[in-house]
Amino acid sequence: MIHVRNAWHVAAWSSDIAAEKPSAISILGEPVVIWRSASGTIQALEDRCVHRLAPLSLGRCEGESLRCMYHGLLFGPDGVVQEIPGQELIPARARVRSYPVADRHDWIWVWMGDPALADEALIPPAVGISEPEWILGHGQLDYAAEARLICDNLLDFSHLTYVHAQSFGAGPEFAEHQPKITPLERGVRVSRWIPAPANSPRNPHDVAVEAYQTYDFLVPGVLLMWSGNYPEGTAARLGDLAPEMADALSGLNFTSQAVTSTGPGTARYFFSWGPHCRDGDDAKRDMMMVMAGQAFAEDKTMIEAQQRVIAATPDPQIMPTAHDRAVTLYNRLVERLARDNPAELESAA
Amino acid sequence: MIHVRNAWHVAAWSSDIAAEKPSAISILGEPVVIWRSASGTIQALEDRCVHRLAPLSLGRCEGESLRCMYHGLLFGPDGVVQEIPGQELIPARARVRSYPVADRHDWIWVWMGDPALADEALIPPAVGISEPEWILGHGQLDYAAEARLICDNLLDFSHLTYVHAQSFGAGPEFAEHQPKITPLERGVRVSRWIPAPANSPRNPHDVAVEAYQTYDFLVPGVLLMWSGNYPEGTAARLGDLAPEMADALSGLNFTSQAVTSTGPGTARYFFSWGPHCRDGDDAKRDMMMVMAGQAFAEDKTMIEAQQRVIAATPDPQIMPTAHDRAVTLYNRLVERLARDNPAELESAA
Amino acid sequence: MIHVRNAWHVAAWSSDIAAEKPSAISILGEPVVIWRSASGTIQALEDRCVHRLAPLSLGRCEGESLRCMYHGLLFGPDGVVQEIPGQELIPARARVRSYPVADRHDWIWVWMGDPALADEALIPPAVGISEPEWILGHGQLDYAAEARLICDNLLDFSHLTYVHAQSFGAGPEFAEHQPKITPLERGVRVSRWIPAPANSPRNPHDVAVEAYQTYDFLVPGVLLMWSGNYPEGTAARLGDLAPEMADALSGLNFTSQAVTSTGPGTARYFFSWGPHCRDGDDAKRDMMMVMAGQAFAEDKTMIEAQQRVIAATPDPQIMPTAHDRAVTLYNRLVERLARDNPAELESAA
């Protein structure tokens, strides 16, 4: 698999990283330990002691440092060993990798590439679950499947018509019509107008409306989507232009989703979803989370089954269809970003 | 492993394939989906969508066709894609493999080799569980072992003396004496006479009788056996000739068994057994199924343990004994049939 | 992994090998069957029938011999086939490997190397659980980790300060101070004095004492350790000399431990521990076993986590510290003993 190392990978929900409790996650197959130091700073190191490879995530926080609890080596937040019990001299090689890490939008983000290139401006503008403007539920799922298969799924919503006919009540329009696809510097934008008849599940009005749905899918696998209802005729009036979020009649909602490759054949999927505070309440959010729970289980069933078929196929070949435009565009971007950074290929999980 | 592709492989009990419910099975490591179409026709396709390799067995039956429920491609019973949602043109390569399939003797049979050679006359003459002449129970077992090890077991009944001393109450005669072995065009026939003292478990008469037991073991792993009791002296009188089934005094019974290689190191074992309607009733069949359940569990314990030893042995070598004549004869036939069809070796699971 | 084949490997607790009940264990990845014959003699053979590789451990004891219960081959205690049902001639190759085996100190020991070199004088002088002088509890644990990682753990007690701060109540002295290390012909001796303040957990006296702790760690992974309390000043008085066990004031206890490599990435760990009969009773032994149970679970958690990190690391490198002197010395001895016997490297599990 090819991955974009020079990107911010979601490692955890910020609220799941308690003070001075080291937490282990594998990202791109690399073991990473994340913790909040005594001062509250978030830290990320290679989760593998330089001495005998014990995981530092079984260690003990001491001030800004982390002590391996096998034989007591003490690591600074820069990964450099500060103390080796019973030994005066600390060799220069006594260090583990330190990862740039950020606590933003209620997610912990880890930069897996060259630390010199880590730029917090590249963190995707997700909507955090604590932002008061939105009423968001959240969750996560572990996949026995390549991260890429989940990204492919999220980049082609024609699957909604088939996989999510029950849960999301998606009709034939996702399979019948192509969305508008716009390349972005670090991703792809996918937008569409969907007619919504009067008094239908997502249209509370007694006149037909048009639902606008748009998402950016950004490296290394972050989906940021909002939807809203607009008066009939808006699509025709705007042509290629996007409507303003603030002009939505109703049904305004936002979902942030992140696919993190944890290793070969495994991934963790983080998601939040819910209404804008002016268009819903806790009950609506709860109803949406029930729907999402069902839909994401449908995806998981299909994608893990797909993964098992791929794993059992000697030389797996795909045959892209017209609906794969965004998938193809995004995967080419991933390949280009990986090629620009030769380290990508070596460390591909 | 070498397998005979140009043969009918048992995929399922016919009664287990419900109308318009696709069912997945792996045969020789290849994923196969089986279903009954709206017209009741049994169909078998490669269980792997040509688009992104999702399993068609998660799909939906539509008339004679099967729709992939990931992105909606529709497959005809010949494996050719009939519809790609959102796309006019259907590429010539948009097809999956279609397998000749037959519903016969209450089993679903799939021809894994060259479709041009699929000849229903080659379907082994098993006795179906719905045939009114026989009162048959049935079952199946999944093995964590190569199909070949189960075939070897079934081709050498000297194991009855040791493995099934309790369940079948087999005495020393299976280990002490060689059966008569006859090569068949697509298998091996194994026959023997076993003396049965008066009033013994399988002899209800108050005089000694002789039990005749004969089975054909046919590619790719089908055992068809019947037994019956005859008056003392019949064996000597007939010499090399086989007795007529109809002349049996008592104890007439039939078992059909099939070993299907599902992949490297795994197999599925199908079996039925029971008395002839003139020699038993439901109670006798149930008693025989209890006995078979115990005996087949004894085989499974031994064969899976044997498989684990083989898997842990760098260069496993066997040392055939005199009782391996039928095993050797059958395995040479398999090799010859495989050699005649070069595709066998490539696709060996 | 490199192992010393020419050594006695602990296969089982003697009391766990019942009369005429074959028992299976894998040692260095080789399947071994152990049993007590009708005469009570302990026997060990390759657990793999020469015919079709069924495990002999599913077999039946007959006098001094063991019968394979698949097709009935009978093996003598020397591994030579004595009987092949249905066959007169027994080929010369009809034999499995026979291992020198000994029942000593309540353990069953198997010599995995050249039988001609098997010398019972090389059996490590463990203290058996039935020896009346000591009151010993015992147990065993299966590890999902290389035996070597457990040996490394036992050769560097600096981990006590970190891993066992709770269970053994180990203080900083194990990490701060180096023990005395003495090379032995087939192992390493590790000894130290530990100050014990008055009325502390391991010092029942109302004056400070000095605890002496010494263990021999012997190939292929046997730890034999005793400890005892001595009057303050004994260490200074004796200098480099070891105290007599008999002179201990109190707290005299003994532990025998054995690490057996069962295969690549797995091991079995046997242990006993308890007080000398003049320094404790059943209650004290039980208290010590509770403590050991907690401590050995702490080791298992750490070592299995370490193993998982190593397995996920492409080219795992360690960085030894000052506390690794005994580890390094022992592992060099293992390499030397393996090099002296070229068969070691080939059969390395």
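In order of appearance the chains are A, B and C, and numbering begins at 1 in each one.
Throughout what follows, contacts are C-beta pairs under 8 Å (C-beta built on N, C-alpha and C of every residue); 3 or more make two chains touch, one makes a residue touch a chain.
If you're wondering where the values come from, they're calculated on a predicted model, not measured in any experiment.
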Neighbouring chains common to chain A and chain B, by label: C
Angle of the C-alpha superposing rotation, chain B to chain C, to the nearest 5 degrees: 120
Self-contact between copies chain A and chain C, residue sets same or different by half: different
Chain centre separation in whole Å, for chain C relative to chain A (CA means): 48
Where chain A touches two or more other chains, by residue: none
Contacting residues of chain C [partner chain A, same complex]: 152, 156, 158-159, 161-163, 175-178, 301-302, 305-306, 308-310, 312-313, 316, 318-323
For the chain C and chain B complex, residues of the former touching the latter: 26, 29, 31, 47-48, 50-55, 58, 67-73, 84-87, 91, 93-94, 263
